[in-house]
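Below: one structure, written as structure tokens.
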Amino acid sequence: MDTLDHLLAGLAAAMSLQNLLFALAGCILGTLVGVLPGVGPAAGTAILIPLTFKLDPAGAIIMLSAIYYGAMYGGTITSVLLNVPGEAASVITCIDGFQMARQGRGGAALGIAAIGSFIGGTIAVLALVVVAAPLAALALKFGPPEFFALMLFGLCLVTGLAGRSLIAGILMTTIGLLISLIGIDPVRGAPRFTFGMPELYDGLGFIPVVMGLFGVGEILATAEKPYREIIKTNLKDVLPTGAEWKASVGPIIRGTGLGFFLGLIPGVGAIIPTFMSYIMEKRISKTPERFGNGAIEGVAGPETANNSYANASMLPLLTLGIPSSPTIAVLMGAFIINGLTPGPFLFAEKPLLVWTIIASFFVGNVMLLILNLPLVGLWAKILEVPYQYVCVGTLLFCLIGAYSINSSVFDIWVMLGFGVIGYLLRKLDFPLAPAILGLILGPQLEKSLRTSLEMSAGSFWIFINRPITLVLLVLSAVVLAVAALNLAPNQIREASDD
Amino acid sequence: MKRGWIVASLVLLGLCGLTVWQSALLPQIDDLGPGPGFFPLWLALLGLVLSALLIVETARMPAAPAAETLIPDKAATFRILAVIVMLAASAAVLEPLGWRLTALLLTAILLPALGARSLLVIVPFCLAASFGVFHVFYYWLKVPLPIGTFGI
Amino acid sequence: MLRTALGAAVGLALSASMALAQAFPDKAINLMVAYPPGGSTDIGARIVAGIAEKIIGQPIVVVNKGGAGGQVGWTDLTRQKPDGYNIGFVNLPATNTVILDKDRQAIFDENSFTPIINQVLDPGVVWVAANSPFKTLKDLVTAAKAKPGELKAATTGILSDDHLAILMLEEAEPGVKFRLVHLVGGAAQMKETLGGNVDVSFDNVGSIVTQVKAGQVRALAVMDDVRSKFFPDVPTTKELGYPKVISSSTRGIAGPKGMDPKVVAKLAETFKKAMEDPEHQKKMDDVGLAVKIMTGDEYKKYFADIHAQAKKYTEWAKARPQK
């Protein structure tokens, strides 16, 4: 009951005109940060921190959190309309979101993303209120061995991402994993496959690679076959149709749960929940062949998971003072600069403030929905611009985006290289998503395995005698076995054809 | 299409082969377990097997009737090359010339090359992309886009 | 005739360089940070740049060139013209270990920089979770001696200053041998220590100030010869009888080698004024970073001393068996 009282008091404080204005300003700035390339959520929040120096602590935090959520949503807009992920977490949205836009359903894709984000974010905030502290402490038990098992499980799911050839899907995953091994190895801390170039010591930058594969690859494909017809998106098409609604309910619910639980575990990062949601939806779908050709489930699930993750990942920060991602680390810096110490004492010492902030997450979610639904039609107008301008404009976006992460021309070359590769693979209809999953999971897999072995002085028992790890490893084995069984009949039939 | 897949698989086969060779030079095992060469070696071997399998699988596929041609026509090739060359040129001159001149050149050359004709649109677009974008990013967003040796 | 011409040329060059120093700066100064935005070097840089640009009268633009643990940024810095318009942060001993680790094939060395001014000295700290059985550094050392190679000690990365600090403690107290667990950064360390996956962590004071205040973690010792102002109750390693276990992470501003001494003096003077500004002091206190201003020969000597110390422990770290 106590909690509810606090929440209501917090809600009242968050609804003050001044705080509402801060939330609004944050949502607008955040959306811009998400849409603009190169100013990802972390950099965007860091750059805007000085803006908040003059505000009172609650106002400052409300505004910065709103920037964070807004950026998460803004990244979706460019993914859907231009096939350029505005920030890393919306990579997977490119796959089906952009196809929907090509079919004139870009409005619906953005609409369902906004609605899914709202639902995911709101439920995550409510869950945060109910379970807060005990769950966060439990999530800490999730150490390097558990992390390794989780990543392995994610990798086994990749069989669900394959297109028309399972072999090609697994091959592309392997290639993604191999590329991810470029850089300083976690064993000796020495460079590997870097040809003496320090720019490669951290591996190929994820953003330049995906901007190349998706953004530049798309520009090249459009340059080859310019779409002559203008893609009209009517304003009334912004809302999903009845059938689309029906298809999205399940993905939104599942995405909320997935994002919430992964959000509690520091270090998972915003990309993995979106990928897991996409794979899960494709796996359980009765019509998996629609995925990659504009399936609304492929937008609704990941986008919901993304926002649910973003809200839930505030929990380790508020209760334990542990930032779970680079963006949250920047937010934590903002808390500290504004005289607040995130951690268990914050709840005890300044309950009204904490609950005001939590309530403002909810307010921010409402605001993003109100702000974005009417704007969707406006954004979709981008598709009516003649293709030369869209191409060149997108190219400028990619150029700034790749360059400004590290002020690095090297990253532009990486983007160009992967742009050509992306174009060729697209022409051949080679599956791209498995390679990206390999690229994300590779470094984390190797690092968490190494850290686990450092903890156990080289004994592999550490993976067996920890229950969560064991469960995840058994699950991975089951997924692999099922995939192998699915594969087997095909092989037999093929063999008997001979 | 079929030939394209076989060529792509061959390229991947070659890359995996190179990686096997390179990773065999790294230590495979150390005090605690897998060494720096362990994962690259086994993944590259897996890649080798898979690309070989993919070649076999593709070769046994029936050829698609009237397969779509993979080679773009002359005009399309020109547009694709224009984008690639201009992007490469931008990367090369970005730091010496600065963002404003680079973006101006990129847009002023690429837009007509892709077929834009209306000067009334091209000129404002180029100016916005170069000087406008620079102003917004450098001064408002504090993203340091490069300034060239000429001071702009 | 030749002599006069030469003299005139030298005179011209001298006066040109003087004119340069007088006019410096007549355009924006780039202040490079070798890490992505949002880290503590970046926060410190943005705070000091905001104040210093008002003093010097030209914009000071913070440019993040992250990558390879700073190596990309420092490579770039040492390649710039030494005209004072391109300066950047060097992080000791991270800059030194990058130079010293031969595997990294750094193309710069300790002489490639012109040290200008130091901003922050963040001492190393040994800390445990609040529920840990270790109440003092002595408890920890005793337990580590009883079970050599079993207590898990976390670093924030291979060859980080924390990694070297663990080796210093092992050297000062023979018989102590930790099981090294290399984590990525302070947040991961906090998570694994609170979650009970490691027994003790080595990091810097600035990373744990807030958690110590909140009572979540306990600092056992600060690896410095004077007590930290953030932890007045925590003993130093020197007090505890380990005068050689002194470790810290310092962040200061340097330029490429060969800078005009007048330009260096002008920059040092400007940044010194900015760092002494009460606004700077307060903001740095808020984020838990201890300001330590060093300029001129003092900073040069400090740079050299740290390099010598880092050399010894880097070689050892590379040779030390994992088990």
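Here are a few things to note about the model shown:
Letters are used for the chains, namely A, B and C, taken in the order the chains are written, and counting of residues starts over at 1 for each.
The definition used in the following text is that a residue touches a chain if its C-beta (ideal position, glycine included) is under 8 Å from a C-beta of that chain, and two chains touch if they have at least 3 such contacts.
Everything quoted here is computed from the prediction, not taken from an experiment.
The chain with its Cα centre farthest from the Cα centre of subunit A is C. Interface comparison, A-B versus B-C: the pair with the greater number of contacting C-beta pairs is A-B.
Rounded to whole angstrom, the centroid-to-centroid distance between subunit A and subunit C, based on C-alpha atoms, equals 33 Å. Subunit A and subunit B have Cα centroids separated by 23 Å. Centre-to-centre spacing of subunit B and subunit C amounts to 37 Å, using the average Cα coordinate of each chain.
Contact of a single residue of subunit C with at least two other chains is seen at positions 63, 322-323. In subunit A, the residues that touch at least two other chains are 43, 47, 188, 190, 407, 450, 454, 457-458. Shown for subunit B are the residues that touch two or more other chains, namely 30-32, 142, 144. Note for the complex: subunit C touches subunit A at residues 36-38, 42-43, 46, 50, 63-69, 71-72, 75, 101, 103-106, 149-150, 152, 157-159, 179-184, 187-188, 190-192, 194-198, 210-211, 213-216, 283, 286-288, 322-323. Residues of subunit A touching subunit B in their complex: 36, 38-39, 43, 47, 165, 167-168, 170-171, 174-175, 177-178, 181, 185, 187-188, 190, 192-193, 216, 219-220, 223-226, 386-389, 391-393, 395-396, 399-400, 403-404, 407, 409, 412-413, 416, 419-420, 423-425, 427-430, 446, 449-450, 453-454, 457-458, 460, 494. By the touch rule above, subunit B contacts subunit C in their complex via residues 30-32, 142, 144, 147, 151. Taken together, the subunit A residues at the contact with subunit C in this complex read 42-43, 45-47, 50, 140-144, 184, 186, 188-191, 196, 198-199, 201-202, 266-267, 316, 320-324, 326, 329-330, 333, 336-337, 339, 341-346, 405-408, 447, 450-451, 454-455, 457-458. Within the complex formed with subunit A, the residues of subunit B that make contact are 1, 4-5, 8-9, 12, 15-16, 19, 22, 26-27, 30-36, 39-40, 43-44, 46-47, 50-51, 53-54, 57, 60, 70, 72, 76, 79-80, 82-84, 86-88, 90-91, 94-95, 103, 106-107, 110-111, 114-116, 121, 125, 129, 133, 137, 141-146.
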